[in-house]
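Heads up, there are several structures right after this.
Two complexes come next, and they have one chain in common, subunit A, joined by subunit B in the first and subunit C in the second.
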Partner chain A sequence: MDAADAATSTETEASIDLLVVVLDTNPSQHVVRQNPQNLTQILEAVIAFGNAHLMQKAQNKLAVLSCSHHATDFLYPLPGRQVELRQVDGQYEVFSLVEKTVKQQLGSILMNAPRLSSPCESLLAGSMSMALCYISRLQRNIGAGVKMHSRILVITGSNECASQYMTYMNVFFTAQKLNIVIDTCALDKTLSLLQQGCDITNGQFLKVTQLDGLLQYLLWVFLPSPQMRHKMVLPPPPKVDYRASCFCHRELIDIGYVCSVCLSVFCKYSPICTTCHTIFKMPGPLPIRPKKKKKPEKM
Partner chain B sequence: MADDDKDDQKEYRWETGYEKTWEAIKEDDDGMLDSAIADLIQKAKRKRQAEKTKQNRLGMMRHLFIVLDCSESMSVPDLKPTRLLCTLKLLEIFIEEFFDQNPISQLGIIALKAKRAEKITELTGTSRVHLKALEGLANVSLTSEPSLQNGLDLALKTLKVVPSHASREIVIIMGSLTTCDPVDINSTIEELQKERIRCSVISLSAEIHICRHLTQQTMGTFGAVLDDSHFRDQLLSQIDPPPAAKTQDNSLIRMGFPHSKNESDGKDAALSMCMCHIENSDEPSELSTTGHHCPQCNSKYCELPVECLCCGLTLVSAPHLARSYHHLFPVPNFEELPFESVPPEAPDFGSLRKCYSCIKVLNAVADKSVFKCGYCQQFFCIDCDIFIHETLHACVGCNTIPGVAGLVYQKQGGKAAPDFHQQQPSMMPSSSKQRSQQYSM
Partner chain C sequence: MADTKSGRYASSSAAISPLVQGPENLECKNFQEYLRTRQTPETLEKFYHYPPICLAVFRELPEIARQFVIRILFIDQPVPQAVVSSWGAQKFAKEQAEATSCLSALNVWRVTAIPGGLAAWELSPTFKKSVRQALMGGGKPWPMTNTLDKDSKPRDIPFLDSYAMSRWRCVLHYMVGTGGRNGGSDAEAISPDAVRILLHANLMKRDERGGISITRQGFQFLLLDTRAQVWHFMLQYLETCEERGISLPECLSMLFQLSFATLGRDYSSEGMSNQMLTFLQHLREFGLVYQRKRKECRFYPTRLALNVTNKDAATATTAADEERMQERGYIVVETNYRVYAYTDSQLQVAVLGLFTELLYRFPNLVVGVLTRDAVRQALRGGITAEQIVSYLEQYAHPNMKLVESAIQSKSCLPPTVVDQIKLWEMERNRFTYTEGVVYNQFLSQNDFVTLRDYAQSINMLVWQNERTRTMVVQKNGHDDVKRYWKKYSK
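Here is the complex of A and B:
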């Protein structure tokens, strides 16, 4: 091992890896509606995965957020109070703390949740923004000379909420700025917005084909830290489509017109912007003008 | 201070009473000053935030020239290590941040060397070129006087041909107190005024009449720096897009949204070279299958946004446009409230008061004031308040609680926004959804 390698390895030893799991616990997810037992299975996998992350290094940190249909809450850690803790079967205390806290907290959230009358969307972008606030707080409070690598793992089986487009984008760009990697584990559908987010922040997007193997997927693909991933053979990144859809017909377009004031995208030229009601200057000379000039000459 | 307008009849600095700066600093219970100082810093941060006014129309597509004084006066070591090196360091930060916040804008650098003006970089949209040029400027020999007029003329010549829908700006960083001009500089100022090019000046020495006059005529800002951190603030205040000039033409701009070719044919695209590196001998173009293809002429580029070299089409991706939206729809300022107004949690959870977004336990000493969003009614600590407004640009509460979800607040104030909500002025989530779906791409 040469000097540079040794330096990086001591650097990784001293640094803190923070993993924030954003778990979609919305009961209207397709996987949960199919079989309510699935949620238990997902939860078990997440706890095992979180503990595996904590096991890798003593400095590693974990946070779990639940994104439900009515609110976003922290499942772990909880501020201020601790669940009563005793060593069980010689298990490392932190592991049982994670398991107990997450289960207890999620239980109380589900019990207190308002009844769901109709399926509703999970506000994942909001939960991710909360995770970013939490990460930025920890980042501010770490001591000088200590490095922290943070990442967010989103585990969801619901659809993306189109109304949160702007929030998603703000979250992705904030994460990119703070060097936070966003990983996504999609349980049901391919999510194009989160795919873009993973691409922007150099994260990994994975669509799970078999829910039974969730833990294995998590451990194989998402456990290695992003710094280590380029040495591994991971699923190839999906082709991300960055085309814009026009505001008038919602179709993906190759060439469009963009309003210089509000940046709305249109597929055809129109003299007035439907979003901000700006009146545009016509491009080039108006076609009628030369005619008018010519006519008096002829007469 | 230096930024005070001349017109407001203030007494001179030396006529005002003593500024008792030490009185603002109080010891805390342990006799430490840290918390008092932290307080002052945070107040200053919030003040900056509060000063940001909501603008309806911004010049989002900016064409900006930085005119940098490289005369003898830049070697003065009052900014450490020298004025020039300090400026270059700050410009690096500025350029990175500028392109981050204004992704579809262009920037160029002009240096004023020995009474001449020299274009260091052309107007381009990539930061790499500029950062490289800045490195080269560090070793430039600083001699003689600058010529403000030559610099302005050169910038004017280039900006004249920029389409009229773009916002055209010049930022001048002046170290010298004098300028050595070939003819009457007032004619240049008139020309700039006629072309509606906004000129701002940051003076590293003192307020200079001609610079102040220039900024007043062209609707720019003038600032003389006190020290390096003040300089930094002054420079970074140029990052936010300025309000669009009233006379600025609005137009629809034709843009291309490239997508990788492989999707269309199903199999891997042929190896090809990108246009951006083809004439660059330092980093020759590499053969690859990936890249962004211009939808009009099919030439390939490895980075976006870019203006197609072959057909002149502006190529962008949807997230680039989305990145600029937060200038148009900023998060409204939160209300500052005393610590006691936060409702504590249920007693069986320990009766704690928490920040909604980062679950920090608030305590009465360190968090004297908390911040409440007027829409979702959630409380935030001061750090989250700053983080949400300066970096995240989305209120955590409004985006996690269904009902207030989405972007309802963006209709308040402003004239451009209410149009979205004409039919449904109520705070119904459905109306917010309609509105924001317009923005989904």
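Here is the complex of A and C:
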């Protein structure tokens, strides 16, 4: 028993933990519009959290993506050679590299972003797909006999948009298949779609109401790796709203019509499925079929 | 009067043989054990002034302990113990207790009282400050990070790897004595300081003729993988560093700083004290850092120095992070216990000869066979089966790894061979040793029976023989039995 325990513990030691943070930097988020300083505060917390993750084990890895209304960009790591950087204070050089790179990148992205005329939704699902691609690329490159545990943490204050429903679902089920855990930290609203995603992939969903304690929340709920979460007491999973969104108006519905061929969901009846172009018959009164008479068997 | 002799006694009534594993075996400590056994709270506190040491200590903690530390890192008041223990799941209370005691043992946190009379945990202020500094910034920059102008001829990683390995192999070659015999070319020589460390570590000893020869521990040392060798060697070095007048915390801090450095990057030794410069020269000799000239301010840490405490970190790098430093494997093990080693190195042959019976030698190939006798000889020398297997695994020929085995196992060696080596080891562990005291030369049978029955009644009897009137009592029961005997004989 003890030997088995020791074996599993050494195994977890020898694995790589990859954390991909998807940070919503859309300026039309409610929290940011309220007070632009909030974004700085969130950013500081995310950087500290990322560094805390790197601090856990020497072989831990981190990636940070920014997600906006028009594009998704890598904030860390950057492709190619890293920025040449010397320590300026007592901070560990790897950590200061993360901090500098993330801030620099985000600054240039925000400066070059196209002007917003009206609030736009963030392309969260797209960013998550990008994170999945990144994870699967790293997964392919690791050496034989090394395990990699990956997870995605989404930090967003955006509202949910049902228009990305299909992409979300694809992301969730891909993640589930690849054993990637999706965690979500919602800063503003309860996001039922992402909640479903966390539930599907065994991740944690947390709604933070107070931005002041953000770092402490992150460290508490999201820092333990999914493999050791059962050893810690974490907030119980909330009731998940499993409503689907309809394909015609992108609204969450309780009862709707489902295409019998491709399983698309519609809130109203339409004679042709817009996804697979199947033609349905008009629902009329059920035709009364004459009972088939049994043919007399020939001998 | 019963005569008592104290001594070690084997419960299966066999005489004590020299195969009792004494303290002469090689002990390999990890960093946490090193801190726990060697350091007093005061020295630990001194260590915690250095952020690199704190970072290394943090990474050595059990994973639950790491979570606890992180969670109270940014809290300025002490946290009640009850609150901390409520963070872990009930089911893992044992693991949690271990984590808690580990944190206390390392002086990372301590108990304080908070108003209301509750016991609370408080992180050691120095530790807290240093970790915060490493994580969030602030404070003084670590030494050796001074800005350098660009190196005109920067050294790349493959160069550093080969340099490090060649330096390190020098030390190993010296140990098996091939260095001296080969005419002692310049690259093969090692400094008196290094020799002193080898002697101190008991890896080598002075023999009667005034020469230096390798010890049993030395051979065990050779069987370790490179990373473990470096770590063990550095620990021994640290023990001698007080004698040299180098401050231990500074040394340790420097070592960890190197271990957290980025491979392939140059660092500056500007502003280092003379002691640290000496230390750097020693590290240079063992191949932990590369420096072009003694006087040059620029040095490159090599892979040997990176993550010295963590041996798993090396295996768990992604392929994108360059290929491994490991020497190419050269050993093929077959299911018929034959071992083929494609090597011409004296060192490798000598090590292999420790546990195989060598059959043939060719210019580039050695053939041996793993026999019971040869392996037992090695085991008698204090080498464990685990070490033999891991050595064979570490240097397995690349083709061994390609062989598809029907049995899914992590090892690339034939399972039968691995099992057999382990069985050979288990053969030897049929004795359990109990510390005991012999009572004999009883004057009457009655005395003997009374005392024996008493010893039996308090469950302290190990062995007895009525005919010779001899009995053995466990050592901690000796006082009781003696007292009883005095009372009885009055």
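Heads up, the rule we're going with is that the second predicted complex is superposed on the first by the 242 of 299 C-alpha atoms of A that agree within 3 Å, B and C clash if a C-alpha of one lies under 4 Å from a C-alpha of the other, contacts with A are read in each partner's own complex, and residues count from 1 in each chain.
The rule is short, and it goes like this: a residue touches a chain if its C-beta (ideal position, glycine included) is under 8 Å from a C-beta of that chain, and two chains touch if they have at least 3 such contacts.
Values in this document were obtained by computation on a predicted structure and should not be read as measured data.
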item	value
Contacts of A:L215 with subunit B and subunit C, given as first, second, both or neither	second
Touched partner set for A:I16, first subunit B, second subunit C, both or neither	second
Touching partner for A:V94 - first (subunit B), second (subunit C), both, neither	second
First, second, both or neither for A:Y134, with subunit B first and subunit C second	first
Contacts of A:P224 with subunit B and subunit C, given as first, second, both or neither	second
Subunit B versus subunit C as contact partner of A:S245, first or second or both or neither	first
Between subunit B and subunit C, more extensive residue contact with subunit A	B
Partner chain(s) touched by A:V146 [first = subunit B, second = subunit C, both, neither]	second
Which superposed partner A:Q59 touches (first subunit B, second subunit C, both, neither)	second
Partner subunit A, residues of subunit B touching it in the complex	57-58, 60-61, 100, 164-166, 244, 249-260, 262-263, 295-296, 304, 313, 316-319, 321-326, 328-329, 349-350, 352, 354, 357-361, 383-384, 387-388, 391-394, 396, 398-402, 405-407, 416, 419-420, 432-433, 436-441
Complex contact set, residues of subunit A against subunit C	10, 12-16, 48, 51-52, 55-59, 61, 86-96, 99, 138, 141-146, 215-216, 219-220, 223-224, 228, 230-233
Interfacial residue positions of subunit C with respect to subunit A in the complex	51-52, 55, 58-59, 63-64, 66-67, 70-71, 74, 86-89, 91-92, 95-96, 130, 133-142, 145-147, 260-262, 307, 310, 312-313, 315-320, 324, 401, 410
Residues on subunit A engaged by subunit B in the complex (per definition of touch)	67, 69-72, 74, 78-81, 120, 123, 125-127, 129-130, 132-134, 136-137, 140, 162-167, 169-174, 177-178, 196, 200, 239, 241-245, 247, 253-266, 269-270, 273, 275-281, 283
